[in-house]
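A, B, C, D, E and F label the chains in the order they appear, each numbered from 1.
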Amino acid sequence: MSEDNQPTALDLPMVDPLPEATQKYFDICVEKLGMVPNVLKANAFNIEKLNAFTAMYNDLMLADSGLSKLEREMIAVVVSSINSCYYCLVAHGAAVRQLSGDPKLGEMLVMNYRVANVTGKQRAMLDFAVKMTKESAAIEEPDRQLLREVGFSDRDIWDIANVAGFYNMSNRVASATGMWPNDEYHAQFR
Amino acid sequence: MSEDNQPTALDLPMVDPLPEATQKYFDICVEKLGMVPNVLKANAFNIEKLNAFTAMYNDLMLADSGLSKLEREMIAVVVSSINSCYYCLVAHGAAVRQLSGDPKLGEMLVMNYRVANVTGKQRAMLDFAVKMTKESAAIEEPDRQLLREVGFSDRDIWDIANVAGFYNMSNRVASATGMWPNDEYHAQFR
Amino acid sequence: MSEDNQPTALDLPMVDPLPEATQKYFDICVEKLGMVPNVLKANAFNIEKLNAFTAMYNDLMLADSGLSKLEREMIAVVVSSINSCYYCLVAHGAAVRQLSGDPKLGEMLVMNYRVANVTGKQRAMLDFAVKMTKESAAIEEPDRQLLREVGFSDRDIWDIANVAGFYNMSNRVASATGMWPNDEYHAQFR
Amino acid sequence: MSEDNQPTALDLPMVDPLPEATQKYFDICVEKLGMVPNVLKANAFNIEKLNAFTAMYNDLMLADSGLSKLEREMIAVVVSSINSCYYCLVAHGAAVRQLSGDPKLGEMLVMNYRVANVTGKQRAMLDFAVKMTKESAAIEEPDRQLLREVGFSDRDIWDIANVAGFYNMSNRVASATGMWPNDEYHAQFR
Amino acid sequence: MSEDNQPTALDLPMVDPLPEATQKYFDICVEKLGMVPNVLKANAFNIEKLNAFTAMYNDLMLADSGLSKLEREMIAVVVSSINSCYYCLVAHGAAVRQLSGDPKLGEMLVMNYRVANVTGKQRAMLDFAVKMTKESAAIEEPDRQLLREVGFSDRDIWDIANVAGFYNMSNRVASATGMWPNDEYHAQFR
Amino acid sequence: MSEDNQPTALDLPMVDPLPEATQKYFDICVEKLGMVPNVLKANAFNIEKLNAFTAMYNDLMLADSGLSKLEREMIAVVVSSINSCYYCLVAHGAAVRQLSGDPKLGEMLVMNYRVANVTGKQRAMLDFAVKMTKESAAIEEPDRQLLREVGFSDRDIWDIANVAGFYNMSNRVASATGMWPNDEYHAQFR
């Protein structure tokens, strides 16, 4: 897998020049994150696809939710560890380190989430995400009920399911297209 | 799992009344499909989430692509069969029956895609989608190269990866939330 | 896999002419079912094998038992769904639709039996059949005891075990020989 | 699991007295084998079931075939090793030791068939039986073609498939009912 | 896999002549066991490796422990059965037969340890060893607590873990190098 | 899992005072590594066990071999990633970062070794170690031959097998005993 300037192993150049709104969005990324994440560059060969992706991503990961942003990133990393997705583990591992201020937490979620020192409620959330990842067809009402019993609302369950679902999509797209994480992530927040 | 009026096992009532644009969209669904698919009703407790879902769905399944609409539905069914997702097998099985005019093709893809009488190119596409579903981390350049050799462009590979990825998300969300398919699908296009 | 006149992918022509008793049996099939099921044609290259198969089949599926004929067909479909056997899912899916008068029940058992609206006793029976299919060596006394607790007799347990066992044989023989289901099944009892 | 006089964990006493023909058959077993195999006693609560079982067993394992009796027993043991079936490994392990005169061959097939010193043709046969056992739905024409290329006829393929299928049934019935092998097998032909 | 004079499939001749201490150790083996176990010959191309192996082996299997020697051999066989290691099943199956005086116990542990008539405490020990073998990362405090509750001390848990770990190493080395068990084991203690 | 002063979840205090030779060894660890690795403290409740462990470890990882020390650490990390062993991924991930001077290489081997930019020979070595970890019983002569063809000697194959085997032991012991990595590793060599 190459580490050249391409965000994936597919030859799909970005629209050039980018539409003004997209360019502005990318400029904000550079300003705030120090880079344009490669997943955005990878989608930028087609602006409708890029917009659909960012709309769903932003709604899931940044909009109001009973789950904190860190908890959503925790789900992202744990799902990605089950799927062994290099791109997502690098990018979202950095996010967990940043949002938690706890580099070891990021490592634990990447390596074996069972050793992580999380709350019982968070553990139930992660176990549900893992079951969704490994054998979603086996999820039944008692699995949802267990989440309710530790304090999650039905809306929270929707959010857990959709964040876990989203990374089951992203992990597979990243691996299938040979998506490459930006170098900047590796040393961040260690 | 109940078959009452709820689209999922979660208590998340639709926004009431629906915004005008959403109501219009649902009216078109009834006109064209004879129903509002439950996945849309399930998302309609939050219009931003509904819009993000439909934008991505429409782009993937209906926008221009080197893959025909039938081929995209074939991927949907085969991925859903690996994940044993009742909702998606019912809804997209019906779509395969409709678009192909071949009820048996729908059954084969639901039951064991290997017996389906598809082209070699389509078989390679489905095998790639299955590998993405079962062990995405094992996909490497030779897997993509094999798709190129049977005639897929890099853009086609992107589309295969994203359609297969999308149903790995949808299958899991449907199973995790107890999503229930509309009754209308069962008897359609037999 | 061909859809020509052959019941399997093997070149094993039926005894010609068939012995009188066999011909009579096949005539009754046509009269009652509108066809001779391909599994019978497949065995008819050797009348001893055909007779051994039909004797066991008839005893298991049609003789007296604490399990109803529908329940035995439910086991057939669920075991076949775990084994992804196209022949048996088509043939016995039709049987479930016929005996239950509920086309959706057939679909559910084909796609993900956990969503089917069956009694708790039937669910225990199907879970036992699934465990037998996936990891029979892990079955121990508590698994049998659980069946007794929901109301099955030891004779019923024998029948559950033997029906589930039989389809674990038939599924594998059908897939291994490329057995092809009769076209007539697909549209039946929808 | 008890080692009392019962052939299984189910309370299903033999018909008493046995019909004359059955008693005669059991007497022959004692004369030839030194025992009545417990699988026969287990079925003897119902003579129709016993007869159906013995008819199929005798046809598969003893009737004319392109496969030798030893080769059929080799399939029995290898399938049973994948399914970890104690009853069948004990009974058919003894049969391999007897028919081959090679105690080590029996052990190898029980423990890891890949180390056994069999012919290339036999290895292909065993690999096919193992694929049938582990993932029968993945068997396609090239798998059958491979058997033809090493010298098996279509009739031989039928026999391989049916013997392997039969032990996938028997293994599961034995484990599900807690069937216990006769003590006599253990020390035989060491 | 050859059955010639080589202990493995690798061309790694023993140091010749062996150092005096090693020769003495091998002489004792012949005297006590009637052979030099092939695992020792396999390591004897490098005396440091041989000594490291025997030091660890002797400490684990022969030194003082809350586990009896038979119990340690029981773990060896059960772990080896999960890993289908021919070498270790032959060698340690013989050891179980010898130490227990119960040939059937050896067979049961080789074939399906769940049918073996062991104490509840031993069953818990074997279940822990199996979980370590199949999915060690899923072991958490409740698994250890369960061992304590049936009477194992923390030191015993260390010993169970290290014996089970050791055979997960040995099984893999034996299979990876094509290690061949001494013929003498097969007929011993039947 | 606690992060207190204990190296594992078992209550097994170190011999106190340590024998002079052990204390010296631990002092050297502190001097060279800045810490005594917890795996050594964990074994130090029994000096024979500690010595057996360190003798085998030092021979495998530090003695002369056709494999470089980095290559041996690469095997350690990849095996540990398959087994999801937190302790070993932390400790040996740091070692890969140190020996390679390439922090990203460490991450790749932890997350999905297939994306790592290693030589073809190293990839063959890692694939062999992974096959040993996942299904060692399926390794046969062609697997060894493939290693020879990319340039490994039979002695190298022994070393690959034994290093991969060793971490299949260590991973399981670490997970089974709740072994906790020293904090110092996390920030090293980033």
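FYI, a contact is a pair of C-beta atoms (placed from the backbone, for glycine too) under 8 Å apart; a residue touches a chain by one contact, two chains touch by 3 or more.
Note that this is a predicted model, so its numbers are computed, not measured.
Undergrad: Show which chains lie in contact with chain C and also with chain F.
TA: Output, common partners of chain C and chain F: A, B, D, E.
Undergrad: Could you tell me which chains make contact with chain E and chain F both?
TA: Joint contacts, listed by label: A, D.
Undergrad: Would you mind telling me which chain pair, A-C or B-C, is linked by more contacting C-beta pairs?
TA: Between B-C and A-C, contacts are more numerous in B-C.
Undergrad: So what's the Cα centroid distance for chain B and chain E, whole Å?
TA: Here the centre of chain E sits 51 Å away from the centre of chain B.
Undergrad: Can you compute the centre-to-centre distance for chain C and chain E, using the mean CA position of each chain? Integer Å is fine.
TA: Inter-chain centre distance comes to 44 Å.
Undergrad: Taking each residue of chain D in turn, which ones touch at least two of the other chains?
TA: If we look for residues of chain D contacting two or more partner chains, we find 1, 84-86, 112, 137, 140, 175.
Undergrad: Using the definition of touching given at the top, classify the network of chains in this structure as line, ring, star, complete or other.
TA: Drawn as a graph, the chains match no named shape, so other.
Undergrad: Give the pairs of chains that touch; include all such pairs.
TA: The list of touching pairs comes to A-B, A-C, A-E, A-F, B-C, B-D, B-F, C-D, C-E, D-E, D-F, E-F.
Undergrad: Within their complex, state which residues of chain C touch chain E.
TA: Checking each residue of chain C against chain E gives 137-138, 140.
Undergrad: Please give the residue numbers of chain B that touch chain A in the complex, ascending.
TA: 1, 9-12, 45, 48-49, 51-53, 55-56, 59, 63, 83-86, 128, 132-133, 136-137, 139-141, 143-144, 154-155, 157-158, 160-162, 164-166, 168-173, 175-178
Undergrad: If we count contacts the way the header does, which residues on chain D are in touch with chain F in the complex?
TA: Residue list for chain D touching chain F: 112, 114.
Undergrad: Considering only the defined contacts, which chain E positions touch chain D in the complex?
TA: Listed in rising order, the residues of chain E that touch chain D are 1, 3, 81, 84-86, 89-90, 103-104, 107-108, 110-112, 115, 117, 175, 183, 186-187, 190.
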